[in-house]
Amino acid sequence: MRILVLNPNTTASMTASIRAIAEASASPGTEIVATEPLWGPESIEGHFEGYLSAAAVLDRLATYDEPFDALVMAGFGEPGREGAQELLDVPVLDIAESAAQMAMMLGHSYGVVTTLDRAVPQIRDRLLTAGLLGRCAAVRGTGLGVLELEADPERTVGAVVRIASEAVERDGAEVICLGCGGMAGLRDRVSAALGGVPVVDGVAAAVRFAESVVGLGLSTSKVRSFAPPRPKAIGGWPVSARPS
Amino acid sequence: MRILVLNPNTTASMTASIRAIAEASASPGTEIVATEPLWGPESIEGHFEGYLSAAAVLDRLATYDEPFDALVMAGFGEPGREGAQELLDVPVLDIAESAAQMAMMLGHSYGVVTTLDRAVPQIRDRLLTAGLLGRCAAVRGTGLGVLELEADPERTVGAVVRIASEAVERDGAEVICLGCGGMAGLRDRVSAALGGVPVVDGVAAAVRFAESVVGLGLSTSKVRSFAPPRPKAIGGWPVSARPS
Amino acid sequence: MRILVLNPNTTASMTASIRAIAEASASPGTEIVATEPLWGPESIEGHFEGYLSAAAVLDRLATYDEPFDALVMAGFGEPGREGAQELLDVPVLDIAESAAQMAMMLGHSYGVVTTLDRAVPQIRDRLLTAGLLGRCAAVRGTGLGVLELEADPERTVGAVVRIASEAVERDGAEVICLGCGGMAGLRDRVSAALGGVPVVDGVAAAVRFAESVVGLGLSTSKVRSFAPPRPKAIGGWPVSARPS
Amino acid sequence: MRILVLNPNTTASMTASIRAIAEASASPGTEIVATEPLWGPESIEGHFEGYLSAAAVLDRLATYDEPFDALVMAGFGEPGREGAQELLDVPVLDIAESAAQMAMMLGHSYGVVTTLDRAVPQIRDRLLTAGLLGRCAAVRGTGLGVLELEADPERTVGAVVRIASEAVERDGAEVICLGCGGMAGLRDRVSAALGGVPVVDGVAAAVRFAESVVGLGLSTSKVRSFAPPRPKAIGGWPVSARPS
Amino acid sequence: MRILVLNPNTTASMTASIRAIAEASASPGTEIVATEPLWGPESIEGHFEGYLSAAAVLDRLATYDEPFDALVMAGFGEPGREGAQELLDVPVLDIAESAAQMAMMLGHSYGVVTTLDRAVPQIRDRLLTAGLLGRCAAVRGTGLGVLELEADPERTVGAVVRIASEAVERDGAEVICLGCGGMAGLRDRVSAALGGVPVVDGVAAAVRFAESVVGLGLSTSKVRSFAPPRPKAIGGWPVSARPS
Amino acid sequence: MRILVLNPNTTASMTASIRAIAEASASPGTEIVATEPLWGPESIEGHFEGYLSAAAVLDRLATYDEPFDALVMAGFGEPGREGAQELLDVPVLDIAESAAQMAMMLGHSYGVVTTLDRAVPQIRDRLLTAGLLGRCAAVRGTGLGVLELEADPERTVGAVVRIASEAVERDGAEVICLGCGGMAGLRDRVSAALGGVPVVDGVAAAVRFAESVVGLGLSTSKVRSFAPPRPKAIGGWPVSARPS
């Protein structure tokens, strides 16, 4: 089984670290391939960048010519997934939903620790739309930008642990979700610092869920919301096919 | 006051009819300018096309060099608005939310009549995210595609009236929202056929609301969700600036 | 266009200040007329007074003999509006709903700053019933009574700013609604003190929305909830017609 | 223990039938006194009449000079209760909430059968505000006006049974609430016709709950929402004290 | 009328104190009988013990051979009630739901003060399932275990008062529910210490509601959720009939 | 990895068919062991039986002396899971939640097809408590009892397909969940008859999710809701250890 993991931003070092987590999380026999869009923002920290990235991700998928059995979209709470579900026949997993779903298997309620405070309403809305907000005790930001996460790992771990502790102690979270693809490598250190509170990384969860769905021979329902796009003229598309 | 009305698809005749409705709906002294993206789908009937359109609309805004006082986004339930709210300093109105809000001023609950059945969950999700679903009695599709609406206006009016009647009689809707920018000219005929049930066109509502917000000297809050995009590298952007 | 603005209490100085805000908020060509009930409480700070006021407001409308094109009801979260919607053919706007709706056009979520703490559940219930609570981050009281607002404007501004800041910083509000008709003149000072957070005054919003609805030729749906009252005996009514 | 039962309309025959049900439902040792407002509508079938009635009911209470231990308000889903809760020190029960609460003791979900279809949204809103809508499977109207209920009892029973059956069979209601004070005498016949589905009459439920609360020495909380009205000038009040 | 009150744990002293409260709360003419399961945990402080208790309670009911007119189940938020509703023809009241329902008759919103923090999500879920969470301002734990409540009554009162005050002042509760059968005797002292905030004991409320339902000739609906168990083989049941 | 699959009833043929599905669904290298309680009902079709089964299942776990890495509980919407989560250190998956979660990965909304109509509210409540009801379009019963499913497989497939079609066409379900452990073998035939609508079997989903959680080194959070039971006297427990 081959799973394509899509980093929604253009920062190759993030693609590499997401790939590493995906590989470390996959079952034996699963091949991970990872890529990023050919254009778009270097990190996604708001709606504007999220929408650009969504189109750039779809553009990447429209021109990707290797086969794969499932897609994992590695933006946490970012738009675009439903478009990929329409475009592709293989299952599409999203790391925000996968993290929340796995957390709900492990505890009564979960908290999300993310980057900037401005991402909090966006993540909550995404979970609301996905029907997964009911068991969310809190979404809290660390104040660190996406690209700052890798710059000083010690500071990042400290900030994530501090905010996660608040989610556990004040908000009643029983499980913590790491709310950014760029936090993927921190799971064990954060969990240890929290005294054994389970910590879920969305990339890991999504890879395992992709294997589960593919393993059972299932894929996206095409009967309504995610039916294939209707045939029509789309000017200037794919963008990546233009001379540039 | 100048209001920019953005048709999210590339079909110029739809831009023209949306402009006509906007002009007919605006107060004296309001200037309407209308445009469409430079690339993207000719109509939007699903998430894939919606996400392409969102980026194409943002691309259009990024390269639009005339001043305007407010933006009306004329896609019903389609993504992209929050990106424009970050990007711009002027207020941004969306026709789905505006239609729902005006309907809630007129009756206890409202119904939406849209194009294809596949759009129904997407519109419901959009209203849910906007916090406007509570008074929505129904979202129902006519089965007509976006570009079919103009092809046979008689059939379109008949279909809209039939589905709207179901929303009123079975679902308890007290006001009907026309759930597609392409239905904008049908308001009076549908309302007459429904025996005086108020019918709200989102373009008209959004234009008036844009005037209201601008008139009171208000604009988008920049304190959290819609703060300006952070400075960062965005490769290959704007798309429309590339040689093509 | 003539808009009737109804102060729900009998304090003429509040009618005057509400009229002033309404006039300052209206478009050119809109005439504002303002009045108050002929009997009832001098201020409304609870359900008992709210219900008396509702009947007194309807009594005022039943005997009001000048024409008007829309009604703005200037009690924040107070009962009575649905009765006026049944009684009248012209549109009826309510300042609590209008403030919330305009706030939702400007930011992801909003907070309401009101007078006494006891009004908080009442306002929340009103927004719940209106289907507008989903995006409400907080309703908070300043502890000042309605008639205290005018007594010491400096203290009032200070209290409103302090409570509004809490709503922004602790609750995540991105827009502030002034939750009492008596706060109508404070908008600019509060917004400046909050560093540019948009501040919405419900009277201003409702006047603009009334213009919008009238301008589009729309009015209250009469098909169900707000059908005209059925013909029947109503003893001792209108109250204001009795010798007193 | 003496319970005051307040018919919200001025039709004395309805007061009499409500008193009869209350007496038949009360425990031994409970005295029922019943009255109606001194002015206002002869029946309540909408918001306008509901608001008039709310003030007329409060007016009646303000001038009622006999002692009582609890108040039962016999309008189904009509406004005014919170005002009485502020005004009085004794507990105040409402027949819509009491019917719903007793129904929830008896089955998983309940349906309400009421008079005109236009009352349906009003009742739903009342249950929503009371926090009791979650287990409501349906609110359905019979199409009969309040004063028609008594005019032809056979027709009334037939209509109630037919609509109640729909609530049971289509909507999954397991208990039926009679949604109008004027239906109070029909309980046994409707239940028998429904094959033993429990049928709750709100007057009966409210009388028993009033006894329960009084028997335990409890009354309305005065710490916030229902604190006594603040001292203030209320012009022309009580209305019933005026010469007329 | 005879009401059976079932303490869900096997601690006879708790049965005795629950019986005492039930007797003190009942109307003249109501006979209280109280019992506990023949096996199972000595106190219930989590789901595991709750599920054991549920079966042990049903086992007790299956072998109980005295007649009774209603059952009061004295576990706060613990499972099992729906099983008893299927098994019995007489009405079944639960102290958590009864406390919440009586609290909703007395104030706008209520708080629950319970034992251990781990019980909080369980109680919230129970109220959610019962459709009674909407008016719940807070569920808070004192940190005291069930059997600790009786060990040091002074400490218990102090802890309950402190936590209840937080629910009133921080969360806006207007009524307090004692969230454990073992707190049943504390009502008056807690209410006095809270300055008159009404305090509801679930055993007392349930006894009164049982009287109410029986008094009106009503019982559990058998049309769907609580139809009698279908005839079938149940091995090793009742457990208490086995030689042990 | 060894997964214990627990059939909640005592019918060995159902254990066998559930084991078969689990084995067919597991990854290579996963060992499935299956068992059933030592006492309790032969099938579960209501709350009474569900609560007996919950205790019998916990009893079985308390005396089960082989090691396992995860538990799959094969009752659809039946109680008991939280007790096992407290009792065990290994992860515990439930087939109702797993089916719903996998369905949400595949489509916008899902429907559940179950056995008797009386199970419908129970399943809905379970999904509500789990925070998974938001995307549930419908729960519908076939009218077939649990043990009838195996008696006439042709009839069963026909009934499931008919009811599933209603969920797709009338309710908008995009994915179907088989709502009973006894339907586990029908997946492919039902999906084919529905024209490719994905059909999720909860046993299969839960086995895969158990592998996923174990594979990532995660287990139940012990910080609050599912902390181990406190040490205490539990009389007559385990039941299966008694001489019988």
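Each chain carries a letter (A, B, C, D, E and F) given by its place in the written order, and its residues are counted from 1.
Rule of thumb we're sticking to: contacts are C-beta pairs under 8 Å (C-beta built on N, C-alpha and C of every residue); 3 or more make two chains touch, one makes a residue touch a chain.
Here the structure is a predicted model, which is why all the values come from computation and not from measurement.
Undergrad: Starting at subunit B, how many touching-chain steps does it take at least to reach subunit E?
TA: When the steps are counted carefully, the minimum from subunit B to subunit E is 2.
Undergrad: Centre to centre, using CA atoms, which chain is the farthest one from subunit F?
TA: C
Undergrad: Farthest from subunit A in C-alpha centre terms, which chain would that be?
TA: It is D.
Undergrad: Report, in degrees rounded to the nearest 5, the angle of the rotation taking subunit B onto subunit C when the C-alpha atoms are fitted.
TA: 180
Undergrad: Centre to centre, by mean C-alpha position, how many angstrom separate subunit D and subunit E?
TA: For subunit D versus subunit E, the centre distance works out to 28 Å.
Undergrad: What is the distance in Å between the mean C-alpha positions of subunit C and subunit E?
TA: 44
Undergrad: Could you list the positions in subunit D whose residues touch two or more of the other chains?
TA: In subunit D, 108, 121, 172, 224-226 touch at least two other chains.
Undergrad: Think of each chain as a node with edges to the chains it touches; is that a line, ring, star, complete or other?
TA: other
Undergrad: Each pair of chains that touch: what are they?
TA: Pairs of chains that touch one another: A-B, A-C, A-E, A-F, B-C, B-D, B-F, C-D, C-E, D-E, D-F, E-F.
Undergrad: Report the residues of subunit B in contact with subunit D in the complex, numbered from low to high.
TA: The touching residues are 108-109, 172.
Undergrad: Can you check the complex and tell me which residues of subunit C touch subunit E?
TA: 120-121
Undergrad: Using the touch definition from the top, list the residues of subunit B that touch subunit A in their complex.
TA: My answer: residues 10, 38-43, 45-52, 54-56, 58, 79-80, 82-87, 117-118, 121-122, 125, 128-129, 145, 224-227, 229-230, 232-237, 239, 242-244.
Undergrad: What residues on subunit C touch subunit B, complex-wise?
TA: 25, 27, 91, 93, 97-98, 101-102, 104-108, 130-135, 168, 172, 174-175, 195-198, 200, 204-205, 208-209, 211-213, 215-216, 218-226
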